[in-house]
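Both of the next two complexes hold chain A, though its partner changes from chain B to chain C.
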Partner chain A sequence: MFSTVLEQFVNGIVTGSVYAIVAVGMTMIFGVLRAINFAHGEYYMLGTFGAWFAIDYLGLSYEASIVVGVLATVVVAYVIGQLVMRRMVGAPAESGVLATLGIALILQNAIIFVFGGGYKFFAGGYIEPVSILGFSLAQQRILILVVCLLVFVGLELMVTYSRLGMAMRAVSQNVDCCGVVGIDVPQVVLRTFILGAALAALSGVLTAPVNVSVYGGMGELITFKTLPIIIMGGLGNVRGTFFAAMILGVAESLVATYVGLQFRDTVGFATLILMLMWRPHGLFSTQARF
Partner chain B sequence: MSLTETAQQARRRDYRIPLAAVLVVVALAAPFIGSRYVTHSLIIALIFMLPAHGLNLLVGYTGLLSLAQAAFFGIGAYTAGLLAVTYGTSFYVNLIASGLVTGAIALPLGIPALRLRSTSFVMCTLGFVIIGQAISKNWISLTRGDMGLSGIPKPYFELGPLSFTLSGTTNFYYLALIIGAMATLAAWAIVRSPAGRNMVAIRENEILAESLGVPTWHYKLIVFMISAVFAGVGGCLYAYYLSVVSPLTFQMYYSTTMLIIVLGGGAGMISGTVFGSLLFVGLTEALRITPELRMIAYGLCLLILVFWFKNGFAPLINRFWNAIGGAR
Partner chain C sequence: MTHTITRRMLCISTAILTIAGAVPLVTGAAQAADSIKLGIVAPMSGPNARYGAFSMRGAELAVKDINDAGGVDGMKIELFNADSQGTPVEGVSATRRLIDQDGVDFIIGDVSSSVTLAMQPVAEDAEVLLLNAASSNPKITYQAGVGGFKWTYRNYPTDENRALIVAKYAAEQRSFTKFAVLSVDSDYGRSAITFTKKYLPDFKGQILSEDYYKEGEVDFRSVLAKIRDNGAQAIIMYGLADTTPIVARQMIELGLAGKVTLIGNGEFNTEKTIKSAPSALEGAVEAAAWLPAFDSPASKAFVEKFTTTYKEAPNNHAYVHWDTVNLLAAAVKQAGSADKEKVRDALSKIKYKSPVGDVSFDDHNQARLPMILLQIENGKPSIKGAYTADIQYPAK
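Our next item is the complex of A and B:
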C-alpha cells in the first residue's frame, strides 16, 4: 500500500517536472507581456514533432533529435515573435488572447495538415528501468527530473544576475519606465518568448519517450494544464511555478490511481476555477502583481 | 425664388425596402436556387448564427470576452438530444427546454466567473468548455460517454390533434431560417431597448456606468444568461440537424468559430453577426475546404482581425447601409 502511494508520488513529481518546464516559460512570457499565451502548448508539440521527424525521417539519434526539436521550435518562435508577439506589447489583454488562440489554431493544424492527424510512434530515449531505493524508474524519468532541476537553477541565476534577466524583471514591473531608461521592451519580449518556447519544446522532447505517442493535437492539453499551474504559482513567479507544477503533477497522479484515470485531466481545470475564485494571485505570491 | 426657401439637400434615393424585399426573396428561394450542398452550408451558417448572436451581446455590447459559448452550445445539444431520444417530446418543447436549461446552468457558472477580470475571465470560461467535455465523456449513464447520443429523430411537431414530422434538407432550412430570423429580431430588440444602451455603457466604462446607477453586476449576469440561452437554442438545432450528439460538441474550436463570426462581422452590430456567419461558416462549408486548412484560415483570420482589421466588416457594412439610404 505504502509503496504504491510512494510510486504514484514519484510519478507525479516526474509529470510535475514536465509541466514545470513548460509552465515557467508561460509565466515569464506573462510577466513581460501581461498576456496569457494560449499557444504555449503548441511549442511543446512542435518540439516533439521536430524530434520525431529527426528520428523517423533523418535517422538521427535521440540526443541529436533533442537539438533538432528545440532548434526547429526556436526558428518558428522567432518568426512568430517578430510577426505577432512584438505587436502585443501594450495591446489590450483581449487582443493577446485572440492572437495567441489564432497562433494555436495555425500551428496545430499546419502540423496535422503536413503529417496527418493520426498517432505516431516515438522511437527513442532511454527507457531502460533502473532500480533506486527499492523501486524501479525508467532512466528517462530520472533525466526529466535532473533537467527540470537544472532548468530552474539556471533560470533563477539568469533572472537574478544576467542582463536579460534584469531587463525581464524591469519590464514585468513597469513597461513605461523601461522605455524611459532605454530598455528595448519589444526585444526583451521577443527573447523571453523564444526562451519560453524553447523550454516548452525541450520539455516535449524529453517527455516523448515516456508518452510514446505523438500527435498534432497534443499541445492543447498541455496548454490547458499550464493555465492552472501558472495561476497557482502566481503569475510571473518562477519559483512558485515550480512548486505549483509539482502539486498538480502529484494530485493528477493520485487522482488517476485512486479516483479514476478518466478524471485525471479534469483536476487541472477544477484547480484553475477554484484558484481563480479564492486566491487569484496564487499560492506563493503574497499579493497580486498584475 | 423666395428668400424663405433654403437650399435643400438633393433627395437621396432610399433602396432599403427594395433591398430587404430582395433579401427575403433570396432567403426563401435559396434551396431552389442553389444545390443541396449550398442549402446545407446555409443551414450550418444559420445554426452558428444563434450562439454568435449571444456572443455578440456579450463581447460586442457588454465587452466581456467569453469562450464559454461552446459549453452552452453543447449543453443545449445534449438537452435536446436526451429529451428527444428518451421521451420523444416534440421539437418546440425541446427547443424551449434547451434554452431554459442552458440559461439556468449559466446562472451558477456566471456568478463566480463574472467576478473575474479580462484574462482570468477568459481562462475560467475556457474551463467550462473543458469540464463540459469531461462530464459528457464520463457521465456514461446519462450521456453514453464517447459513443454519444445517436438516432435523434427528425423534428417532430405536435399541436393539439395535429402532428407532423419535418424531414428533408429543404424543410430543415426553413425551420432554421425561421428560428434564425426570430433570434435576430430578439437580439435586435434587446440591443434597441434601454437595457441595450446600458450594456454599451458597461462596455465603454464600467465604473462610470455603475456611478450613473446602472446595476452593472445584474446586467452582466443577465446578459451572460441570455447569451447562454441563444447558444442552447443553437445547440438544439445542431443536435436535430446532425441527429448525433457527442462529447466533441464541447470543443474550443466552436468557441473560436463563434468569436470569428462576431469579430469578423463587426462586434456590436446585429447585421455584422448575420453577415459574419454567412461569410465565415457558410462560405467555408460551401467551398468544401478540408478541416485543417479551414482552421488554419480561421487562425489567420483571428490574427488579421486583431492587428490589422480591428472592426471586421463593420465599416464596410455601415458604408453600404448609408449608400443605400440608411441613417445619416
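Our next item is the complex of A and C:
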C-alpha cells in the first residue's frame, strides 16, 4: 500500500516537472506583460516537432535534436516577439488574449498544414526502464526531474542576481518607472518571451520520448494544464509555480489511480475554479500582486 | 432622404443577389444527373487524424478506379471531403457543409461512433444517404431501418459481435479469468465494454478495475501500476490506434510486458505498432473488421494496389472506405440511376460480393459482416478465424 502511494507520488512529481518547466515561462511572460500567453503550449509543440524533424528527416541523435528543437522555437519566438509581443506593452488585456489565441491557431494549423494532422512517432530518448526504490521508471523521466531542478535553480539565480532578471522584476512592478530610469521595456519583454518559449520547447523535447506521439494539437492541453498552475503559484511568481506544478502533478496521479483515469483532467479545471473563487492571488502570497 | 435611398438600394441589391444565387442552384440541379456527388466525413485533424487520412485514401483509390473505368453507367463519382476532427460538433457542421454547400446526395462517415450518432439525424432531415463504413457502436443501427432512421446504412460489423468473440477467445483459448479495463472514453470504447460485461460472466471472467482515457491522453503510468498490483491477466482495451504504442511502451516501462496481455481492438497488428513495443504486444488478441493479412484474392489485390499508390500498407479504415465506395457504386448500378431514393432501395436488396464475403443488409440497415480474430505471434499477426454473429436487437 505504502509503496503504491510512494510510486504514484513519484509519478506525480515527474508529471509536475514537465508542467513546471512550461508554466514558469508562462508566468514570467505574464509578469512583464500582464497577459496570459494562450499560445504557450504551441511552443511546447514546436520544440517537439523540431526535435522529431531533426531525428526523422535529418537523422540526428536525440541529444542534437534537443538543441535543434529549442533553437527552432527560439527563432519562431523571436519573430513573433518582434512582430506581436513587443506591441503588447501597455495594451489593454483583451488585445493580449486575442493576439495570443490567434498565434496559437496559426502555429497549430501551420504545423498541420506542413506535416499533416496525424500522430508522428517520436523515436529518440532513453526509454530503458531502471529500478529505483522498488519500482521501475524510464531513464528519461529521471532526466526530466533533474533538468527541472536545474532550470528552477538557474531561474532563481537569474531573477535575483542578473541584469535581465532585475530588469524583469522592475518591469513587472512598474512599467512607467522603468521608462524613467532607462530600462528598455520592449527589449525586456522580448527577451522574457523568448526565454519562456525556449523553456516550453525544452519541456516538449524532454517529454516526447515517454509520450511517444507528436501531433499539431498537442500544445492545447498543456496550455490548459498550466493555467491552474500559474494561478495557484501566484501570477508572476517563479518559486510558487514550481510548488503549484508539483501539487497538480501529484493530485492528478492520485486521482488517476484511486478515482479513475477519466477524471484526471478534471483535477486541473476543478483547481482552477476553486482557486479563482477563494484565493485568486495564489497559494503563496497573502495579497494580490496584480 | 439619403436614408431611404440607401435602404431601397439595399433591398434591390439583396434581391439581385438572391436571384443571382438561385440561378446556379437551378442549373446545378440539372447537372447532378451526370455525376454522383459523394461526401466523406472523416477526422482529418485532431487525435484521430490518422484514421481520416487512411479513410480518404481508401475512398480516393476506389473513386479513381471506378472513374478510370468509365464511371458507373457513364456517371463519374465526384468526391468531396469534410473534416470532423473526430468530434460530434465538428462532424455535424461538416455534414451540413457537404449537404448545403457541396450538394452531395451520398455521405460516407464518420470513423468515430460518437460523431456518426450525431450525424444520423442531420442526414435523416436532409434525406441524404448516410453510409457508415467504420463506426462500431451497436446503437447506430439499433436506431436505423425499422428502428427509425431510414437514411442510415452501415457496412461495418458492430462492437457487440466484437466483444463476444474477444471475450470467448480470451477465456477459452487463453484461459484468462481476471481482466482490467482500459478503454477510450467514447461511444465506441464504452459500448464495447458494456457488451463485454454482458458476455464475460458466461466465461467466468471477472473485471478487477475499469478506467477510460480521454483522447490525447499520454500518461498511463498510474493506471498501469494499479493493474500490475491488482493481478489482472489481461487488459481489455478498445482504444485508438495512436494510443496503443504509448500504452504498450509504458507497459514495458512498468514491467508489465509479457505478464499482462492486451486484448480488444486498437490496431495492435500493424507493423509500426508492433515495432514500437514488441515485447508488450506479443500475444495480444484483437478482433478487427479487416487486416492486410486477410487471405482472399480481392483483398490481396487491394493491399498491393494501395501500397504501390501510397507507398504505405493500408489499414482497416482504408479498406472499409474503399469497399464502401465500391458498394455504393454497385448499388447505383443496380438502381440504374444516381437518384438517392432509388439507390437506397437498391441497397436494401443488394447482394454484394466484398473481399471478406457476401454482404447484404438486414431490416435495421446493418450489413452482415464477420469480425476477424487475430493474435500477435513472433511479432506478426496470425489469423485465428472469422466470426459472424446475428445481432439481437433490443425489443422496442
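Rule of thumb we're sticking to: the second predicted complex is superposed on the first by the 290 of 290 C-alpha atoms of A that agree within 3 Å, B and C clash if a C-alpha of one lies under 4 Å from a C-alpha of the other, contacts with A are read in each partner's own complex, and residues count from 1 in each chain.
Rule of thumb we're sticking to: a residue touches a chain if its C-beta (ideal position, glycine included) is under 8 Å from a C-beta of that chain, and two chains touch if they have at least 3 such contacts.
Being a predicted model, the structure only gives us computed values, none of them experimental.
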item	value
Fit or clash between chain C and chain B when superposed on chain A	clash
Contacts of A:I127 with chain B and chain C, given as first, second, both or neither	second
First, second, both or neither for A:Y215, with chain B first and chain C second	second
Partner chain(s) touched by A:I55 [first = chain B, second = chain C, both, neither]	neither
Touching partner for A:E7 - first (chain B), second (chain C), both, neither	second
Touched partner set for A:I103, first chain B, second chain C, both or neither	first
Partner chain(s) touched by A:A77 [first = chain B, second = chain C, both, neither]	neither
Partner chain in contact with A:R87 - chain B first, chain C second, else both or neither	first
Chain B versus chain C as contact partner of A:S136, first or second or both or neither	second
Touching partner for A:Q262 - first (chain B), second (chain C), both, neither	both
Residue range of chain C overlapping chain B upon superposition on chain A, of 74-82, 110-118, 344-352 or 362-370	110-118
Touching both chain B and chain C, residues of chain A	112, 117, 262, 265
Complex interface listing, chain A residues touching chain B	35-36, 84, 87, 91-99, 101-106, 108-110, 112-113, 117, 220, 224, 227, 231, 262-263, 265-266, 269-270, 272-273, 276-277, 280
Of chain B, residues touching chain A in the complex	65, 112, 115-116, 118-120, 122-124, 126-127, 130-131, 134, 137-138, 252-253, 256, 259, 263, 290-293, 295-296, 298-303, 305-307
Interface residues, chain A side, partner chain C - complex	4, 7-8, 11, 15, 112, 116-119, 121, 127, 129, 135-138, 210-213, 215-218, 221, 253-254, 256-257, 260-262, 264-265
Chain C residues within the chain A interface of the complex	44-47, 49-50, 52-53, 182, 185, 210-214, 216-223, 225-226, 229, 242-243, 245-246, 249-250, 252-255, 272, 276
